[in-house]
């Protein structure tokens, strides 16, 4: 499909699906792009994006800081083809854990299962799409059958896996990734979920019921009487434990939404609930199109986060928000990081550390409780 | 605190907390406001808000349509004092169920527990706030102690209630509301959670681990070895069952985010996963400041939802998005509804119907499965 | 036309023009609306709008401050029916001069000339509109003939008026307003341009060539060899002179754009160019949907304006920006003002003071120049 | 100044001005960036930007289309260092005329006059800046003296040039550019105004009084009794004449605002006012952060422009709006164009054609008038 055609009438299904396939673009560390970002992106959001690149590549990735880096993913990033950036970062050890909407993981499965999403237009007639069985995510188009078959795969996987009790999302996504890797060896190169399993990166979902993955798990409970469910408590505690263990902590927030809040609540959980005075994030990078003036958490600034203890008051210079569509900014950001001297770290493999880290959280929480009892309690 | 003072130096805690207390404003059905909306709001987003009011008051609330109405709440609405609007609608039977971020429910508890949030400024120094123990949500300010005490109440409630197994959020919020009502009789007038329990309105949270409520439940599992957890499957299935049972379905979406998606996925769950051809929403009202051009679900139009079967293709005239801060638009919207001839409906009391409706969902899903087996399966 | 119908096919011209006529809504000072703003609009942009109302009604309009109040108008406010608010404020002496895009004044003429603009939908097919001769401003629809006849009126007026030399826009709009008043006595009640002439309020346009009014003046020069033109210098100097003469100065900025900048540059002109240390604005109210993070002047904050000397550093508490569509916020704002104790001021009738004020500007500029020469010059 | 430091106290002027100088970055046609745009920018605004690049490089610049290309510039692009992109396009003949806010041209003069603007932060205290004599444009900082000296240069130039009658902005900017070239030979490489004079590209300003340039011209009239002024009529007619003469017409709109409208009104002027049925634009590219839903012209879509005859109804596939900060998108866009096969065109040198083109406009307008008289008039 050539360039956008608002209101162009009379498309057939074949025409809707004639756009180029969307592929996961993999950043290669272009020196040209680094030069553009350093020298051409000087002010306004170009300046902010340039700052974000420098903070990430020069500080967060600096070996001596050993920063535990979480990335949060909201907005339909995998349908838009941004998954390759996440894969490249995971392979290189540049991100340690991920919090994503379920939708991004669900649509990532299409790539793992070799279905094709295509470039399209946001200006098509949705009633024609509906009649033709074509699904639209803004300007990304694909047959409804892709949903049905991905759903069938998920349900089949759950049955095969024999899950029958509560589980964290990190464990579920890990097991799902292993299944994909077994089914299609090498698919860690074109699936975020498979890659994360391959590279030991835990993936959390803050809204586990809120996606087609969650829908199919719910089916299993209702129709098969399974006791398999996502236990949100495990997710909360694992993320807290990971953050607690970080020498330094930093985040790259794509969009905002529930994943942003879920990442940022780790520090308040530590001090508010567990009584552990960990302190806030050392680095905070957000790429978003939301705005602070609407008052919501998606658009809230690193500064506001200081009052909650989510960000260290002393590090505001190492926080930055770039207001720009992640589909543009994140590939540029990743090109910069991949081309930087700090472009590879030993992977933290947090997936296999979870148990140990949670045990440590319990230990510290109990110690804090004891200490508090010793001095009398305030609340 | 008088009008906003960007950068004004040297506030003390007392000064930060000198603003007027935030109260839940209750709409009374002003005829003046109805006239302004009908006659003065003619174009642009004023026009859209006027349309939204008319669709809600004249169509969604029309007795003959018997619309099952879900409201979704994202953005910090209760800290901003918008809870009174939700209470008024629940009392009058004008909304039947709610999907909210956990944060809105958590901060609603402050009102129920008689803590005070205050009007402030978004231009204060967060490092001073942090040192003074003052928490900021954009321009809403309150002492950090409010968090600690609300947390302590939640943990205490969970222990007292003796919960020890998985539960839907609707059940958890119901039980929490009953506890508040018992603790402070009459608090259904100034707490959304209490009011919902009082009026039989189920409240769901799509991201159960993602709020201070979720944090405290997670504490209970980790520290007390409890088996109490939120079961997201139950939430998914209950919402599906409610939507399936609706004679007509319609929604009022405040903001967007995960609650919006959670509401809208009910119909796709029915056809994609359960094989039940229910059809999409008949009415769709969204009040948001997100934009369609960012591609995410928060800003996605009713039109895009048609391709997914979330909105009936035939009803696009009964869908509307008004781009405006909900803190302004929703009180106006509620004044209009409360002042309309259809300003009271018999409450559906869906809380007590959940079991029956889910049983019906199982029945229909099994029938659909049988039918599909009979004709051979596609996926 | 009932509620919005995205993509509904097959409209005819008659259907496109079946919506309700847009009328200039006149605020009446509703006590209900004042109560909503005072008590229900507590935080986020509702809080900002509430602050804006209080600053305007309680401070800017306070008799003792004798504030010279400029209003700037960008965005298609008159097509959206907001003109009645401006008329009410002018009649009551609550605004003293206006800077508007040419388009707002041009489309105001349709009302004066008794043409009808209608409520419509932003989701119509523009190619159908084009073929049917229907013009669209977002969701406002009217026949193309309205343009042609308004243009013909303007050209005819210019010829009749016998203009043949450069003129300020304030003079041109005044003469145009007088012509309208003569042509349709009483039209000061439904035309901003006529009302301003009637009430002695000068109207400036910062981009005089940039509207259908400017297009028709250009025609006159090109085709009739006229020497009539807008002299932007006169506009710059008159606005400077008005601001210089203000005991206190304050503005109400609707939207942003060129009118905002034109208003705000008065103080820099005084100090940068004329060497007169007047000081910046005492009050600054903006209602906009633009955002600070894009870096442009439309979204720039009162705080940024301080560095330019456009706003007094000491008065930041009396500045406020409410992020909301003016079609919603401005009628609410005007209801509040009209219902306030300070709802009427003696009109300043600046139209007839212009010559005197400019003479005073010359005098002060010369004095400043003399003084500077006396002490040696820097530039 | 290192990365942004919200609220960091106690800056001195030296610290404020310690950031890197902003330079005009010149795109070089990077193959890496072209690959990223072609292969990595697949959906959402990345997809739109990719489309915009392809439409510009493959269609608008295709030799056989001989497109007359206007670029409009709003937002503080030259302070942000984007001027080098415009210079590169002018040198290569890729843009034929420009409509800019006065502010962009005024701040371009700082570069021509060798003053230095610096990278800074949007989070500094404006009262400190004011006291330290530092001017801020979002995150761009420079001494107030830069304003005073640039102003002095402009006033001096006007006196030296001996202007004493009305003039188009294209003529004024041309003469200003020549003066800069004479003063600093070679400055066409770091000044947009100088480059345009050098390359024969007319620059128009739709709001001539609305900038420091306009302020200083106004000074000259008031204090020196000069009859020099900008004649907006000439601008309107020249732009109309240029558009009328285009074999194909296309635009690249940065931001929106008054420059956008001024460009787009050319076609309506032709048919509404001059009776010449020219037809609308063949290509329409906009890079903006404004949104359609606010109803204003800045955010209005190419589709809406169809109803006004501003865009050819048949060419909607060749129109595109990318929602992204121009400081990010425009350098990428220019890299793409400069690296494309069509990266050089013979310059149209419209500056020297203006008289001929306007004469042709008069001829066609008179012919249209005669023809209309022949058949009887409608209005």
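When the chains are written out, they are named A, B, C and D in that same order, and each has its own residue count from 1.
As a working rule, a contact is a pair of C-beta atoms (placed from the backbone, for glycine too) under 8 Å apart; a residue touches a chain by one contact, two chains touch by 3 or more.
In this text the structure is predicted, and so the values were computed from the model without any measurement.
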- [ ] Give the chain pair, either A-B or A-D, that is connected by more C-beta contacts.
- [x] A-B
- [ ] Over half of the contact pairs shared by residue number: find the pair among A-B, B-C or B-D that meets that against C-D.
- [x] A-B
Task: Chain of greatest Cα-centre distance to chain D - done: B
Task: Separation of mean Cα positions, chain C and chain A [Å, integer] - done: 46
Task: Distance between chain centroids, defined by C-alpha means - chain A, chain D (Å) - done: 39
Open item on the list: Need the CA-centroid distance for the pair chain A / chain B, whole Å please.
Closed with: 25
Open item on the list: At least two partner chains per residue is the criterion; list those residues in chain A.
Closed with: 7, 43-45, 76, 80, 126-127, 138-139, 289, 291, 293-295, 303, 316, 323, 325, 327
- [ ] Treating touching as the only link between chains, describe the layout with one word: line, ring, star, complete or other.
- [x] complete
- [ ] Would you tell me which residues of chain D are touching chain A in their complex?
- [x] 2-8, 20, 22-23, 25, 27-28, 30-33, 36, 39-49, 51, 54-55, 76, 79-81, 119, 138-140, 289, 301-303, 316-320, 323-325, 327-329, 331-332, 335
Open item on the list: For the complex, give me every residue of chain D touching chain B.
Closed with: 7, 43-45, 125-127, 291, 293-295, 321, 323
Open item on the list: Could you list, by residue number, the parts of chain B that touch chain A in their complex?
Closed with: 74-76, 80, 101, 103, 122, 126-127, 129-131, 134-139, 145, 147-149, 151-152, 155, 166, 206-212, 214-223, 229-237, 240, 255, 257-258, 261-262, 265, 268-269, 272-274, 289-298, 300, 303-309, 313, 316, 325, 327, 358, 361-362, 365-366, 369, 378-379
